[in-house]
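Pasting a structure here, questions to come.
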Amino acid sequence: MISEPTLLLLSIFVPLSAALVLFFGRSVGNAGVRLIAAIGFMVPAVIAVYLWMGFEGADKSHMGYAFMGAWDTGLRDSVGITLLLGLNGISMPLYLLAGIVGLAAGIHAMYSQAERLHLYMALLLVMQSGLMGVFSSIDIFFFYFFHELALIPTFIMIGIWGGEGRRVAAMEMTVYLTLGAMLSLLGLIAIYGQTGWDTNYGFSLIGLQEYLSQHPIGDVASDNIFALLLFGFGILVSLFPFHSWAPRGYAAAPTANAMLHAGVLKKFGLYGLVQIAVPLVPQGAIIWNDWIVWLALGNIVIIGFVTIAQRDLKLMIGYSSVMHMGYIFLGIATMSVVGIGGAVMLMFAHGLSVALMFVLATAVFNRTGTYDMKAIGGLGPKAPVLAAFFVAASMASIGLPGFANFWGEFTVFIALWENHAWAVAPAVFGVVISAIYGLRAASNIFFGPQSDEFKQVSSHREIGDITLAERAPATILLLTLGVIGLWPMGISQSIESAVTDQAVFEQAPIDLKNSASLDAPEETTVLQIAEEASANEQGDQPL
Amino acid sequence: MTIELNDYLFVSGLLFAIGFFGVLLRRNTLVIYMCLELMLNAVNLALVAFSRFHNSMDGNLFVFFIISVAAAEVAVGLAIIVALYRKRQTVMVEELAELRN
Amino acid sequence: MSTLSGFKEIAQTNDWNAIFPELAMAGIALALLVLDLFLPSTRKRIIPLVAIGGQLALLIMLLMGCGCYDVSGALFGGMIAPTEATPYLRIFFVLGSILVCYLGIPYLSRQNLPRTEFYHLVILVSAAMMLLVQASNFVMVFVALETVTIGFYVLVAYCRYNPFSLEAGLKYLILGALSSAILLFGIVLLYGAASNPGLPGHTTDAMNFAALGSFIQENPQEPLVLIGTVLVICGICFKIGAVPFQIWVPDVYQGAPTPVTAFLAVSSKAAGFMVLVNLVAVPFASLGKLVIPLLSAIAIITILFGNITALGQRNLKRLIGLSGIAHAGYLLVGVVALAAGVEFAVWAIVFYLFAYLFASFAVFGVMIQLAGAEDEIQEIDQYQKLAERQPFLAGVLAVGLGSLAGIPPLAGFIGKLLLFVAAFQGELYTLLGAAIIGVVISIYYYFGWIREAYFAKVNLPGDEAKPAFPMPGSLGISHKITLGLLAALTVVFGFFQGGLIGG
Amino acid sequence: MDFLNLFNLLLAVPLISAAIIGLFFRRGGYVAAGISLTAAFIIACLAFMVLFDWNGTTLSGPEYSYTWMQFGDFQIDIGYYFTYETATMLAVVAFVGFFIHMFSVGYMDDDKDKGRFFAGLSIFMFSMLGIVLSSNLFMIFIFWELVGFSSYMLIAHYWDKDYAAAASKKAFIVNRIGDFGFLVGIVWAYYYYGTVDFAEMNALIASGDKHAETGIGLLLMCGFLGKSAQFPLQVWLTDAMAGPTPVSALIHAATMVAAGVYFMVHVFFLLTPDVLKVIVWICAAMAMLAGFWALGQNDIKKSLAYSTLSHLGYMGTALGLGFPGLAIMHMAMHACFKATLFLCSGSVIHACHHEQDMFKMGGLWKKMPITGWAFLLAALSISAFPFTAGFFSKDTIISAAFGVGAETGDRSYFAIWIIVLVAALTTSLYMGRMFFVVFMGKPNSEKAEHAKESSLWMTVPLVVLGWILSVGAGWFVWDIKWADGEMNGIIPADTAVFMMEGYGEAMSNAEDHGHPIHHGYGGGWDAAHHVVKETGFGLLLEFASFVAMLAGFVFTFYYYGLGPKSDRLQTTMPIIYKMLERHGWFDDVYDWYVVNVQQRFANLLSVLDQFLISGLLVRGTAGVAGLFGMVSRSLHVGNIHGYVYWFLAGVIIFGAFALGVLK
Amino acid sequence: MSDFLFYLFAALTVLSAFLVTVSRNPVNGAMYMIASFVGMAALFLLLEAYFLAALQVLVYAGAVMVLFLFIIMLLDAEKGRTIRPNRLTTAASTVGGLLLVLGLVYFTLGDSAAPATPLPAVTELPKDVTPDNIPYTTSSRSYGYGLFTKYMLPFQVTGFLLLIAMVGVIVLSKRLDASGDQAPAKTGGLES
């Protein structure tokens, strides 16, 4: 039996090597391409599920990390970078998410009529390996590294197989995301710098936590570092007002790519905030707390209304995913066990639902030849199963109980009251907004009589129900949504264990209260520790 | 008064400046090139002066290298100028500005 | 006679084994001339093979560690002083010269120019660079530098029936001579200051880095020293193409034959940087108050100038030149970090140079395949639909450009990362900011190029009128291997950096 | 079998049946119907098993709950809270639900999408039972959303009709608006009481550790307003009639809309007097207005929908008066006769091939006697004809308003009394109108000509619900001991307890937490009846409402005549008719808001998003950089002189810097 | 006496150097250049660097300038006479030159100048040489000592440098014969 760490490594490098094969594998023919790609996508998914099942029992002695393994890539002694893999309660669900969505996207892509399929699959596989890497690396450098690895194919995929306006969209997206990535990279290096460039701690999350729990980062430093991380990650997660790349990018992207990007890759930034920024730089998070809340409300309310205004289905999905990021940010802003838990839960759920939406949107497009919701109508009777899937998907994404999203949103609302009671109302109002656009989309497309444009289309085209190639990924995703919807413990347990491990999430809400009451963040407890610590340390270097 | 090291330096510096001035002023590549040689000479003077006044041979030996290098440079440079003249029938810098944005 | 005992003592330090690799290069170069003399013209085809083969043999020896046995301290009466980085740099320059020779083959096959001399010059210049980067005495620096420079005068103007090449040569000639004059003047001033018996801690061996360093430590405020230092830095800035001495770069890069452009862009720049590193490390070590702000300012302006100017640049050789300026800026960040006392920066710079070498030559390799007869005209439009017509070339191009842009998982990214870490350790936050902006801007033109190669352009009316650009037929296997190897190395060093980071 | 497993089964059975249908029998036709019907039957049996076994002790607490999800101290339980009001509700849902399932089999016989329909019904049963049994606010909210979804699904059954699409969307969104407040209220309650478990909160209040909060109460009330379609969220219910008639009967008359009332009764102890005041006014007003609006409808189902609104208003009024038991009682009675009325209308519509315009029917009394009788009895019952089911609940509510006023001396309650009295009048008006128009006289259309009595599938429920229950459901108030209570083995007596006693003693020490004390506050029919007796005008009051009722019938008999071809009011007084038809222009106002305010605002924002953020912020910076690029490119003039000057500048600037001139 | 000589030759050097930069006709420029070089050689003599003085005259005044003159003639310098530097260039270059001179004055004559040292006595042949100290000697033999011991490596490299220059000049100007690489049609040779 292969050891779990090796499995983690495999889940990264099997897709990668499959991709390499495909890059030069023009000769194998589409069947061969599909076979190789299938392997490349199955392996991570299977490993992810296997590890998920084994996670409860696994040994988590290393600060809650299981399945740990380390490989030196030659930077250990100079800058303390090691390929350190492992999963904790927070990364486990997201790792699972990556595996599942990846599989779904892979299946969908395999049967898409993309020309130069081998290249298409190869790029997708590169993304996949990057995604598996992002959530399985404990070393924050490699965490970043794999994100970029997954990001780059997006550019080319949008460019080659994208929809209209792809040249611009691809460029805007890439430049914008690079900016975000660079900022966050600086932030990560800065955190490492706080250890006095001690390669023993290095970029390893565990090492950093050990060190920083002893010597918390000082006020100025954490202020700046957290700002870097917040806005760096924020850009990657399309935090308002840095969102403009997302909708157009997704609208232009080929489906499988959009699934992986919107579904999984986008969680990178949030994951970074949950796993790195907030625990390691808590007082920074406290200083910037109000910013997060306000911007997140911007995501929810403003972008929510913008979403209502969309006529193009894909744009609407893109905007809606931007909007949902707001809830997750709110969850993070609470910095409490409940809020963080809800945020992670929602990350998981949203990843599935948005990917599902993209699959179905494409299915609709394949039948109607347009994304303009006003130009469609009455598709339901022609494709009842597709309609059922679509309605279910939109219900999931607007947070109906019984689907995973609900748990996330609900928990976030609960947690929000503790320190930002005033923000609960606007946040919950978002639920109404999302109901408006979600149902509008469903009823415009599937219900009611057929529109005249659609009549013409359907007149000279046989419009069938959902095909197997569409049904398989959709089922995978919807099933997961449902299972977690009925059995949230499936992931919430691991999340809870990991979150409660972090003393920060017990302490931070109290500090938040204090800092809110007497608006001098220096008074907060963590900072007092920090000052004492930095007093007997050589003092923190302000950034 | 006796001649100071600074006097030599001044002369050399003046030569250097004049050379630079010439490079800035003239448009005939040949003359520009001459002015460059002038600057090298200024350096030579300074070197010799230094080594003489500070009683160290290294300066003089360096001059030896500089002279030989300068000679080689001149040879190559003139070769280029000639070759270019064959193509463009001119040695004026502003007429040798085909490569531009 | 006792008076000459000192000379004898010096002569004992002339250890020719220590510079075996350089000698070997020179030997190869001479051998080429001899072959050219005696070979019948029908057999001359083998000359490039000899050149490359010989160097490959040398390269393998270097990789196996021969020829660069551990030498401690100064050699040749203090002319050269190898450091830990020297073995890496020797490999670097040999590699560079091999690749330039490789690029020379397709180029010369197109051009009808004297061939042997090209390889001869390239190899000799490379040898000179190998000496230059370990020089620890200004005389040695000057001589080696001039050898390199004069070699480049010839190489840039090599295509002697092409006015553009010649014009580039002229520009490089005049500006180069000017800069060496400036450099020289600086050296002289330093020499004069350090050898002045009237000053505390004066030295009698003032050209020597170590001695000079100790002198400057004594009196860092000496105006003569400051001016000299600044002038020397000016001279080096010309070599590395840093603002404001970068202005010649696009013209010369465009005019020069493509292999020479590559040679300029990679090896020459690297040599300049390593000289700067040595200077900053040894003689100017105690001049931080002057060097750090000065170089920081240069670095920031260089990064921004290079990147912004490259925006919307259609001619690819100019584009490479401008992006090269930007890279010089990033490397300067490393130098500043070094000046701020981060020894690790040296390795960051070395790694960056290697990454830059692989990526650049990958790109140049593709360019030379697509270049027509007059290779100063290489417009970005030629790359339309490259991905469909030549997927392999397109792939290599993407990897190379990606690495230049600093995108994981490619070596270029690791290089930037290491530089950033070094800069952080030096607490150079302004520089980091500039670097970030630069990187983001650079994405635009690098990916613009990739976009040209990959995305099917929506044809505007009138586009059909344009003739489709000629594409090379199927690539020779040797090209595939070389380019593939470069791309592979770029990727591999992105994942695994073992062995390239000493210290 | 212990209760826990029974409850689990109650939830599991419908879910499973829905799953089976959804997965395997989407095209299943009668198979699907069979499965769903069986499920409903099993539910009914289980429900009665529970009711018979139960000994009246409240079932709640950890042994009746599982942890569903947990983060730190925050945890969501799936748990059961079984007490007298639960028993009543359970009985109603299970019993009425089953018969409506049965009716549907007949009604939907000509429908293609039986699978979808019956799956929906099963999902609804699942969610409804969840609401009934749930032990805490979180869980009830979850099922609250689910019933909303199932109603959405069923309203949209005829999904190729645009009005169905619009109606379903509207129903869901309006409910969401209610849930918006509901959810905020839950969150607040969670932090205020530290728990959301009904039993625990109840204990907290009873022990006086915590007080009821008006804010929380009002927010929770929003949920009730949405679900039970009270002002201002009533607009969705009438449109919801777009769904098949059994759905209207089950969801939009008998159970789901009543769930709002049930919930308010559940959390009665959280409601302060102010909240009750608000409720009583809103609901009384709705009772009357809806009654009038019912007269403005030609569509039989729409008319009935308004009557539902009106009676939900009554329930709310009962609640607001402080008689939760009475509210539940009216809910139960209403479930019987309103279900009957809808089923009758369904049977009629089905017989007339989906003709819904009353004035195209007429003369169906002879053609469909069973339906006719059922309708007549139910109509009498709803208009509180003495000793029918409706009489006991409805009349008591009306009189109780007066009684409370008399006892507390608060005049406003008399106003309430007047209002609900008028509402009672309107009830008999629209019921009479409906009866005379639909059943009397001659058929007014082809379809009516060929109408036939419906199949057994449909008539059996009519008989049970209409003939028996609409009449006799209320007789338990007399507390007859048939065969010394042996009959309790057949009729679960516990279901009546709450209707009679309400919270009884539980509220006796109410003054601890500042509730207004009127005698029997928090009680049920007994208490209300007692309050009325106290006034001394008991008979007079009952007479008043009897007169109102009678007046209604008589008036309609003369005014509309038997089986008229058109609405006389419409022809003679179109303005008034218009007013009634537009039911207060609520829809128009809301539509105007949606189109002209919300949508425009959204468009504005999206334009700003396009222009400011992606236009100026993003493209703008790119443009500026490009501009600089052009400038700096133009510096490469190609002339060597131009370049030498750069060198000169460099030397001079650096030198100056070195000599400290720049510093 | 030596002071006078210094002033004389310094003046000669500087003046003729200046004339080089301003003389219209490159031929005259070259002539002035020679004069300047000779003056420089004289200054070397004053500094007792006899060997260098000789080199100066031989290499510069002799070889280099002759080469220059030859090329100037070859390239028909008559064209050079007609065009005169335009005002802008003149002004700019003057300003630039003056700035440099200013810096020079500020530097050498200002207080920041290096402390003056007395002219040390010098021997003809090197005495008590140590590896890092080769004192100033006048005899040309001492150059040999220096070049072949301490400066051995640069000396060899210079040899290669000259080789490069030679090869380069050949490459740039030799007429390509038909053997192996023949001249492309479009190159115009001298014969054209």
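Just a few scattered comments:
All chains are identified by letter, namely A, B, C, D and E, in their written order; residue positions are counted from 1 within each chain.
Following the convention adopted for this analysis, contacts are C-beta pairs under 8 Å (C-beta built on N, C-alpha and C of every residue); 3 or more make two chains touch, one makes a residue touch a chain.
Keep in mind that this is a model prediction, so the values were computed, not measured.
Fewest steps needed to get from chain A to chain C, stepping only to touching chains, is 1.
The set of chains touching chain C and also touching chain E is given as B, D. Comparing per-chain C-alpha centres with the mean over every protein C-alpha atom, the closest match is chain A.
Taking the CA centroid of chain D as reference, the farthest chain centroid is that of E.
Ranked by the number of C-beta pairs in contact, the top chain pair here is B-E. Here the CA centre of chain B is 98 Å from the CA centre of chain D.
With centres taken as mean Cα positions, chain E sits 103 Å from chain D.
Chain C and chain D have CA centres that are 78 Å apart. Computed centre separation for the pair chain A/chain D is 38 angstrom, with centres defined by C-alpha atoms.
In chain B, the residues that touch at least two other chains are 9, 16, 19-20, 23-24, 27, 29, 32-33, 51, 54-56, 58, 61, 65, 69, 72-73, 76, 80-81, 83, 87, 96-101.
Across the assembly, chain D contributes 622, 633, 636, 638, 640-641, 644-645, 648, 651, 655, 659 as residues in contact with two or more other chains.
Multi-chain contact residues, meaning those touching two or more other chains, occur in chain E at positions 89, 92, 96, 100, 107, 112, 114, 116-117, 126, 133-135, 150-151, 154, 158, 161, 164-165, 168, 172-173, 188. The chain pairs satisfying the stated touch condition come to A-C, A-D, B-C, B-D, B-E, C-D, C-E, D-E. Across the interface of their complex, chain C is touched by residues 23, 26, 72-75, 77-79, 119, 141, 144-146, 148-149, 152, 155-156, 159-160, 166-167, 170-171, 174-175, 178-179, 182-183, 185-186, 189-190, 192-193, 197, 541, 543 of chain A.
Residue ranges of chain E in contact with chain C, taken from their complex: 107, 112, 114-117, 125-135, 145, 148-154, 157-158, 160-161, 163-165, 167-168, 170-174, 176, 179-184, 186-188. Across the complex, chain B meets chain E through its residues 1-11, 13-22, 24-28, 30-31, 33-35, 37-38, 41, 44-45, 48-49, 51-58, 60-61, 63-65, 67-76, 78-83, 85-87, 90-92.
Across the complex, chain D meets chain B through its residues 633-634, 636-641, 644-645, 648.
Looking at the complex, you find that chain C touches chain D at residues 170-171, 174-175, 178-179, 182, 223, 226-227, 229-231, 233-234, 237-238, 244-245, 247-248, 250-251, 290, 293-294, 305, 308-313, 441, 444.
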